[in-house]
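Please go over the structures that come below.
Here come two complexes built around chain A, the first alongside chain B, the second alongside chain C.
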Partner chain A sequence: MDKICTYFGRFKELLEEFYVSPYRGAVARARRDEDDLFMLFVFGELMGVPNPATYYTLELQPLLLERFHDWHRRQGFEHSPLDGFRCC
Partner chain B sequence: MSSHSIQANRQLDYPPIIWRLSLLDEILTSPLVFVGGKGGVGKTTTASALALIAADRGSRCLLVSTDPAHSLADLFGQPIGNTETAIAAGLWALEIDPDRQADTHLAAVKARMKRLVHPRSYSEIDRQLSFARHAPGTMEAAMLERVAEVMAMAPSTYDHIIFDTAPTGHTIRLLSLPEIMAAWTDGLLSHRKKSERLSSALRHLGGGKVRGDDLSLIDAATDHKDGSRDAEINELLQARRRKLVQAREQLLDRTITSFMLVLNPDRLSLLETMKACNTLTEFSIPLAGLVVNRVLPENADGSFIKNRRQQEAHYLEDIERVFGHLPKVRVSLQPGDVHDINALRRIGQIITRGETFT
Partner chain C sequence: MQAIFLAIIGLSLIFIGYRFYSKFIAEKIYQLDPNFETPAHSMRDDVDYVPTNRVVLWGHHFTAVAGAAPIIGPAIAVIWGWLPAFLWVTIGTMFFAGVHDFGAVWASVRNRAKSVGSLTGDVVSPRARNLFMVVVFFLLMMVNAVFGVAISTEFQATPSSVIPAWTAVVVAIGIGILIYRMHIPILWPTVAGTIILYAVIYLGELVPISLADGTLGLPAGAQWIIILFVYAGIASLLPVWLLLQPRDYINGIQLFVGLGLLYGAVMIANPPVVAPAINPNVPASAPPIIPLLFVTIACGAISGFHGLVGSGTTSKQLNKETDARFVGYLGSVGEGALALVAIIAATAGFASLGEWEEMYSEFGNGGVGAFVSGGATIVSRGVGISYEFAATLLTVMAVLFAGTTMDAGVRLQRYIIQEWGSIYNIPVLQNGYVATLAAVTSCLILAFGAGGPSGEGGMLIWPLFGTTNQLLAGLTLLVISVMLVKLGRPARYTLIPMIFITGMALAAALLQLSTLYAAGRWALLGIDVVIVLLAILTGLEATSAFMRERKASTAGANA
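After this line comes the complex of A and B, so read on.
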């Protein structure tokens, strides 16, 4: 009986995974795109995209520094586009 | 021409003394007073005289210069600078230094960054931030930040705060910034909200299991306990927004802010005042009234002065026609320089009495 329960439990998990995982990927991508856009607002000035509020977004930069490396890689820059941040 | 004289007649229906009292009254009941106008028309003198009137009537008053070329210290004959300095009974003065403000702000950002990166990057961070320091807009933003902080001191710390502003263009830009910048922070916050919604959806879908397809940012973001980093970002943005929105609300509230323009009876000054008036309307900042400064006194004589006076009469008429609906005070041209407290008190008396030269 226990064995059957475990079997069904495992089956349920697989089924869930089967239906949910495509959405998970899509939502994760959407979120990543949203965060990438936010990164562009904060670091855009340094990449030549004018920012009307550099003075205010500057204080956000330290908080986003850890995400900077992944972000610039995704934006198609193999190495940090900024002279200032040599993260790689 | 006929509409011109009709306008003029309509103005004469009102007893002039009432407008003048109402301008001064409005200013003396406003916690925040901005004195603007073209360069050299007498903004500093007018703002200082008004501040002295308020202080002499027993109010605690702060006189603030936002013009990078400060002249309060020269006028009062004592050093003032970037901190509130007592200059008379009940009167303090402050000359805002946007350079110092920007330096402090950038030093704080720099210190935070240096905690997060390897020491070998320190010199690069210094270099990067020194670019930001000299980027266009940095001074403006620093000035706005300080002005917003000063504005928040009324009416708790000071009964009146009177701003002697930079020439009109700069000031109007400064006053329009809270709206623009608040919209900008709103935009950033809306992106944050969207990202948060997606995160919570992701949690319901078992977010930790995302693999491949370079979604490393998700992992980076979920590494922080309860998204503390995200919370910090939102908090900074919210604090910024609160400051800007408060400044904006104060500026738009007629019971809190009076904006007045100083002008001289000449062509350029009149034209600039008209433009300033339009821009103020555009940003819904109410104009309390005008100080028409340096009007030739009646007792000035000579044929040269007579010619000047004729020309002046023409401009005074124009001012009446264009700004008929606004309260005005006329201040006559003084025989000598206004360069000390006593001379300022004399100007103050002229404003109080609503002296005219007619």
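After this line comes the complex of A and C, so read on.
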């Protein structure tokens, strides 16, 4: 019985990999695009884009600090576009 | 001749190819090294570059390359009799497709998992790279147009397939949401999705759907083609996880179920092959067998499209270099097996020679229709389900394969148009919606330009699609051959297939110039002229690359 369970578990793992592996990159990029949009919501106000939810998103800024550098590079800013956030 | 012999002899031959010929190529020509660090390890990022179990990798390589094309091509080509198609599929798989697909994976793995397109730029010349991109764009345009026409024809021939085929889209979106958004383990959505998919086939039989001629002043076929392209345009803009990924997955399951069902039924029912080995009464509309056989059957014997897959995702996930043989060569063996069963269905699934000749009264009449009606006869006799159910099941299988290729094809066309927009600095083309619209419009123009207002003659595109596909295969084989020459190894095992297939593609394109001119098919004639030019340019690039390498090696020897 144990053996069957192990085989079944292995089968499920392989099935999972069969589903995930061809699109891992594409899905990661799609997720990153969604995250980038979210970053714009959070940091938009600092760049002059009015955001009525700034009061709430302000709290998130420290949590997203680590991602900030990669994000502004992806958006085409060689250096940080914000005075308050001098990451590079 | 009984069908079971065709199946056993064919499968044995391609398996012998895998067992012996691919071993020879792996050891002596590509010289695979189990200790070579593949890009999946050296560039591992757990996103694109991830070492993957070879069976899983084979599974998705095989399901990515096998689609509707290895069904349609052989099912058209049996018009010349079963023997030529059978020989080209088996010999093609052994000595052409296997070496090509395996070689594309190997060449890419040895070059930091670069795609064949960029390898063409590095190894042959930057000019050849642009040539490659144009060939790929044409290939995608043709495959989308021809599959749109094929699905439309099938929806009209088997109205019971309409509901199941569209339900598959809903099931796929459901699976995508369950897995990606709700993080449900894959097994249960798979089981539920598969059950729904097969259960809806009954519903399709109860509620067949046909479109009325004349809505918006268009015949039903044209309406379906437009609906399909509107769908493909929208689907190609959706996130990958929502539709394309689960749809591909469902197709993978369908492919394995379908192959098992068809081969099982052939073994049990063992129908006689009613078609002649070599057809003495080939209809006047059929073009000469040489060179057209070699472009009518592309996928299933050799297909350039496989090189794109092999050097795209597969090479980034190869765990060990020695796995390339298992994944690449055996992937083409799987596709050869699908083409083989399509030949059997289209030649042994008819009650009499008269019935078969009626189906093949005109070139291009076979295709999915012959596969479905022949295959359904065999499956219903072998497995004991009704003919109607079997026909709907096989139609849905073929339609889903073709439909997914359309989704992915329009998406890839969009990427190419966007890339051209950025290369030539045309901002409007970089917009996703504009690029998609341009892609869909180009396909629609081709489908209606070739097939007339009803899209009926659209299958005339098929040989042109095969020709372009073979040119792409020629370019990939060229890259592999130049690499082998640079390494000082014998290149004849890839060079001879390259010369043969490019020569056949050029001959087929030239021959079709006169047929299309005589028939007054101007849209297709224009495309054929471009193909002839592309074929000549491919030949010139190949010659110049080899002259350069020869000079370099002579200079090296003298120094």
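Quick notes
Everything that follows uses one rule, which is that the second predicted complex is superposed on the first by the 66 of 88 C-alpha atoms of A that agree within 3 Å, B and C clash if a C-alpha of one lies under 4 Å from a C-alpha of the other, contacts with A are read in each partner's own complex, and residues count from 1 in each chain.
Assume a residue touches a chain if its C-beta (ideal position, glycine included) is under 8 Å from a C-beta of that chain, and two chains touch if they have at least 3 such contacts.
Source: prediction; values computed, not measured.
With both structures placed on the common chain, the touch criterion links A:Arg67 to chain B but leaves chain C unconnected.
Of the two partner chains, chain B is the only one touched by A:Glu45; chain C is not. By the touch criterion defined above, A:Gly25 reaches both chain B and chain C.
When the two complexes are overlaid, the chain among chain B and chain C that reaches more residues of chain A is B.
Contact with chain B, but none with chain C, is seen for A:Thr54 once the two complexes are overlaid on the shared chain.
In the superposed model, A:Leu14 lies in contact with chain C only, and not with chain B. When the two complexes are laid over each other on chain A, chain A has residues 21, 23-25, 27-28, 30 in contact with both chain B and chain C. Within the complex, the chain A residues that touch chain C are 12, 14-19, 21-28, 30. Listing the residues of chain B that touch chain A in their complex gives 102, 105-106, 108-109, 112-113, 115-117, 121, 124-125, 127-129, 132, 135, 137-138, 141-142, 145, 180-181, 184-185, 187-188, 191-192, 194-195, 198-199, 201-202, 205-207, 209-210, 213-218, 220-221, 229, 232-233, 236-237, 240. Across the complex, chain B is touched by residues 20-21, 23-25, 27-32, 34-38, 41, 45-46, 52-67, 70-71, 73-74, 82-86 of chain A.
Those residues of chain C that touch chain A in the complex are listed here as 46-48, 50, 52-53, 55-57, 59-60, 64, 179-180, 185-187, 190, 239-241, 244-246, 248-249, 252, 313, 316-317.
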